Amino acid sequence: MQRIGVFVCHCGSNIAATVDVKKVVEVIASEPGVVHAEDYQYMCSEAGQEKIAIAVREKKLTGIVVCSCSPRMHEATFRKAAERAGINPYMVEIANIREHCSWIHKDINEATEKAVILARAAVAKVNLNTPLTPGESRVTKRALVIGGGIAGIQTALDIADAGYKVDIVEKTPSIGGRMSQLDKTFPTLDCSACILTPKMVEAAAHENITIYTYSEVEKVSGFVGDFTVDIRKKARFIDADKCTGCGACQEKCPSKKTPSEFNRGLGTRTAIYTPFAQAIPNVPVIDTEACIKFKTGKCGLCQKICAAGAVDYTQKDEIVTEKYGAIVVATGFDTISLDKYDEYAYNQSPDVITSLELERVMNAAGPTHGHLERLSDGKAPKEIVFIQCVGSRCSDDRGKPYCSKICCMYTAKHAMLIRDKYPDVNVTVFYIDVRTPGKNFDEFYRRAVEQYGVNYVKGQVGKVIPQPNGKLLVQGSDLLDNKQILKEADMVVLATAIEPNKDVRKIATMLTASIDTNNFLTEAHAKLRPVESPTAGIFLSGVVQGPKDIPETVSQAGAAAVKVVGLLAKDKLMTNPCTAKADELLCNGCSSCANVCPYGAISYEDTLVNDHGIRETRRIAIVNSALCQGCGACTVACPSGAMDLQGFSNRQILSEVDAICR
Amino acid sequence: MSVNNEFRPKIVAFCCNWCSYAGADLAGSSRLAYPADVKIIRVPCSCRVNPMFILRAFEKGADGVIICGCHPGDCHYSTGNYYARRRMTLLFSMLDYIGVEKGRTRVEWVSAAEGVKFSDTMNDFVAKIKGLGENVRLGDLRCKN
Amino acid sequence: MQELINRAKELLADGTVARVLGWKIGDMPYNPEPAYFETVESLDKFVYNGFCGANLSKYMIEASKLEGKTLVCLKPCDSYSFNQLLTEHRVDRDKAYIIGVGCKGKLDIEKIKKTGIKGITAVSGAEMTDACDTLEIDTIYGKKSCSYNDGMLERCHVCKGKEHKIYDELIGESRDTCDKERFAEVERIEAMSPEEKFEFFKAELSKCIRCNACRNVCPACSCRKCVFDSTKFDSAQKANVDSFEEKMFHIIRAFHVAGRCTDCGECSRVCPQGIPLHLFNRKFIKDINEIYGEYVAGAEAGSRAPLVNFDTEDAEPSIVNER
Amino acid sequence: MSHAKNQAERIREISGVNPLKCMKCGKCSATCPAFNEMDIKPHQFVSYVANENIEELVKSDSLWKCLSCFACVERCPRDVKPGKIIDAARQLVVRERGGNYLSADEIPELLDEDTPQQLLVSAYRRYKR
């Protein structure tokens, strides 16, 4: 029989206001196995933890139940306290009488009654707890960053600077990501390329960083500290070691009509191409869909022109397998499809563009060489309308329910830049709210209004109607004047909602990282662990976790790097001891458990067993506790009950059931 | 222990640690009330729930059992809830087959962000169980007449 | 039968097999029992006729541990069970020499008795070579006769087919005996009201004496130690110490074999109380087929049972409410 | 329950609209072809219901000016549907007033198969005053 101490927390008034804690102590004291029960204001405080230590010492406790907040909050705290007091940390159970009780019930009798039952269930479970010891696993001192945008680059640089090896895997032919497509950045208006390019160069030159561009993560196995990852290096058809980046091949390539991904489809590129001039690596790739040589077998101009002999049409995809201790997901975002927003005429008129497309239009290296002009006829616009919240803050299935966060600021930036460069152009912004929390952000927005005379109208646009004269009739509302506005514009710019990169769900599945309904990866704790995934060893950097601007992304990238470095700095990791274990006398060796194990943690060995005097060799399931993550799928698949989960054993859970249904 | 003889059902909720238990925590921190009749047992994953636990609960007098897990595709262990889904489907069908009222068992996918869904689900489940009344059949399916 | 005995003798004599697993003459003309034969002479007691319903595949678990090969006689339906055991690594294919024996449907003495025939001393017309149309029965009250099909086990009326799924050689002919809808009984129960269902099963299950015959005979219930005999689930022993297992035994047993049960019908055949236990197993089979697609346990060795498998597009458990 | 509150509740019920979902973006008014004819503008319908100011809403010209084109319903990003609110308000008036101009027998021959039913029902409410 255990000697159990029960500690009931008031959590100030959070628990005590709705649960009669004294009553809980009184009732629980007579439960079987309970030798000590007390309550205290804040059990998680140092004084509270000291109370546990004293009781362990004086009452020779072997098990502890803390009735407090959610175990997701303080289980680790109390386990550490138990360990310090000299008992196994896994002899602690938490009865969640705050989130699951005091906070949701109003009636004190009802809440107290429930708190007692929850405490009883925890006591019943502790009665069956056994001391568990975490195993140890090694840490591969190398990190993988998936995504080579500003988030990935910054994370990689920070990890590399701390002295650890780090690989960046980028899907496109160059690192740089969305930031490389931007013209200027808010709120300082410095040129995006001018601040990004040095970082790209630094990453490429860093001795600790290896960059795999035009590559994708194909397979991930293993666990924190010891991931094995297959990276598919797609064939570039260029020998990167030989290529000098002279660009002659691109000049000569006769296939010139493919829409440029980098310019958001507004310009074209050749079949052999580098996405932009500052691309890193400065090694082109051949788009086999567009290449005449690949399509017809004729041409081969690029190979002929290449003085370095770098063009190799026979190159094949290559799989690189590498081991990592930690993985950072920095897969970034894209703008949503506007196919469902007919009312804005995006698909009807080339003069209705997204803000990201406007970035390319305003950029000197863009399709219009930086001249603000209508894409339909190349004329300079005189009247521009910006529409905010296109697809953001929508509760229907056309858009996204969240605020994309960056649009208010970049629209202020665009409006300001246009008014600065072309003072004769009128700029109107239709907004619902202008959201500018951030250092110097609201000042920036006010400058757009006060200094640059941008016309902000509170109200949404209902319809954009292309006119026969090439103009765009914008029908919007001005809620403050209670008027409907009809405005003829030359150009309409849509602040299109952003969404996580389409591939992220596939990556999350490979990593077993949780992902929310909007395809943002879930953080381990919304407030306290914002850059970690609940899956150990997986970290989040940038918009993959939620919408954010560049300064926020860079800070988060650094934070993720620190977490990675903290992990890589360890030589060994403690593994979760709540793993499955087969009772060799009960195991049939039927393989049901191995069939359902998502980690391949179960193997079978012919084992000599002594079953009550009968010695025979049997096929027995063996769980690799380093691989087992403790889900318990095997325990239910096992017909004989041989497989059990430590810390959540059949008998423990049944005892909880019994205690609750008593 | 009801004051005015109102039927207070006993309801056991198995919640996976990663999504639904967190969803229940969120319901708590958002103060989204649901009846105290619901008692939550934390399991690592919905796939840890053995049909024996459910039958045991009924046999010990539970009036309803609900299993909550991550949404299919979002399982922390990637595939656990898919197995749970099959197991529970077949078990529930069997319970229906032997004459246990439909509605005493339920599976609901609740993510860590769905505090509202957790609370709504529990309110609805408790109401349904109250409608069904006390569970006599499972406690009574004995070998002896 | 003589052909079978001769072949068995041959294989024993030339050392191909170390023993024969078949049936020997019982104390009554209608109850042959499973037996090992280790010598050529002992095979004189070997019998194979319409009363040899027992599924021998489960015996191969223990036989797989013995020195040398075991000749095992498997009827078509038994071969599914053998395959399933093979899938679960419970039997060793290399330790088995399988003679697939022909089957023209197996008899249920209780059904024959129910036709009003009492005091049976001998039954003829049930040999392998017989046409199996009519049974001639000697009783202490004189000669009687009974249609073969009227005396057949329930499971033979819904036979999975006369094809052996695994064998080394085949002896004897088989006959199609399937003349009923396999899931008709399950559907009949499904159509009942909850009250009727409950009363039906309560009446049936209340007959159970927990003799464990169903468990012992079931080829899928092959656990070294049953959960109901271990302390892992706090379910104690055979004696009704804990009401838990008393109530739930059959449901849990059916769940444990769900997706693995080959519907061999042995559980119902051996139940001394005549509880139609196969109705639980068949319900699971029907659900699996309808919800997850047709699956026949043991049709193919190495196939993945539906409960250790999934599809991301599987139906939600609420489908039960909609059916 | 006060009369105003009761009326607001009935509008919520008939329309199936939760006015609290509105984020006051004004897209409904931006999209409305009858905007200039209206005294109470489409985006205001929602706040009239939220504030339980139904008396004024049902007395407004807008009640009968709305064409029931449902452009606002189609484009509302928050699923608030001002068009359904005003339609519900009309129904409220119709119910309280009682009596119809058209008899049921007259309807079939007036029907055009391509006309959406919702439009018909709305039109009946609109033109029957």
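Just a few scattered comments:
A, B, C and D label the chains in the order they appear, each numbered from 1.
The working rule: contacts are C-beta pairs under 8 Å (C-beta built on N, C-alpha and C of every residue); 3 or more make two chains touch, one makes a residue touch a chain.
Remember, predicted model here, so these are calculated numbers, not experimental data.
The interface holding more C-beta pairs in contact, when A-C is weighed against A-B, is A-B.
Each chain gets a centre from the mean of its Cα atoms; the one farthest from the centre of subunit D is C. Look at where the CA atoms of subunit A average out and do the same for subunit C: the two points lie 54 Å apart. Centroids built from CA atoms put subunit B at 30 Å from subunit A. With centres taken as mean Cα positions, subunit C sits 36 Å from subunit B. If each chain is reduced to the centroid of its CA atoms, subunit C and subunit D end up 69 Å from each other.
For subunit B, the set of residues touching two or more other chains reads 51-52, 56, 73, 79, 83, 87.
Under the contact definition stated at the top, the residues of subunit A that touch 2 or more other chains are 596, 637, 650, 654. By the definition given earlier, chain contacts exist for A-B, A-C, A-D, B-C. Of all the residues in subunit B, the ones that touch subunit A in their complex are 1, 3, 10, 12, 17-19, 21-22, 24-25, 27-29, 31-34, 36, 39-45, 47-53, 56-57, 60-62, 70-71, 73-74, 76-80, 83, 87, 111-113, 119. Put simply, subunit A touches subunit B in their complex at residues 70-73, 96, 98-101, 103-107, 109-111, 113-114, 117-118, 121, 505, 509, 512, 514-517, 522, 534-535, 578, 596, 598, 629-633, 635-637, 645, 648, 650, 653-654, 656-658, 660-662.
Residues of subunit C touching subunit B in their complex: 189-190, 192, 194-203, 205-210, 227, 233, 240, 243-244, 246-249, 251-252, 254-255, 258, 280, 283-284, 287-288, 291-292, 306-312, 314-321, 323.
If you check the complex, the residues on subunit A that touch subunit D are 343, 389, 393-396, 398-399, 432, 458-463, 475-479, 482, 484-485. Taken in their complex, subunit D has these residues touching subunit A: 21, 23-32, 35-36, 41, 43, 71, 75-79.
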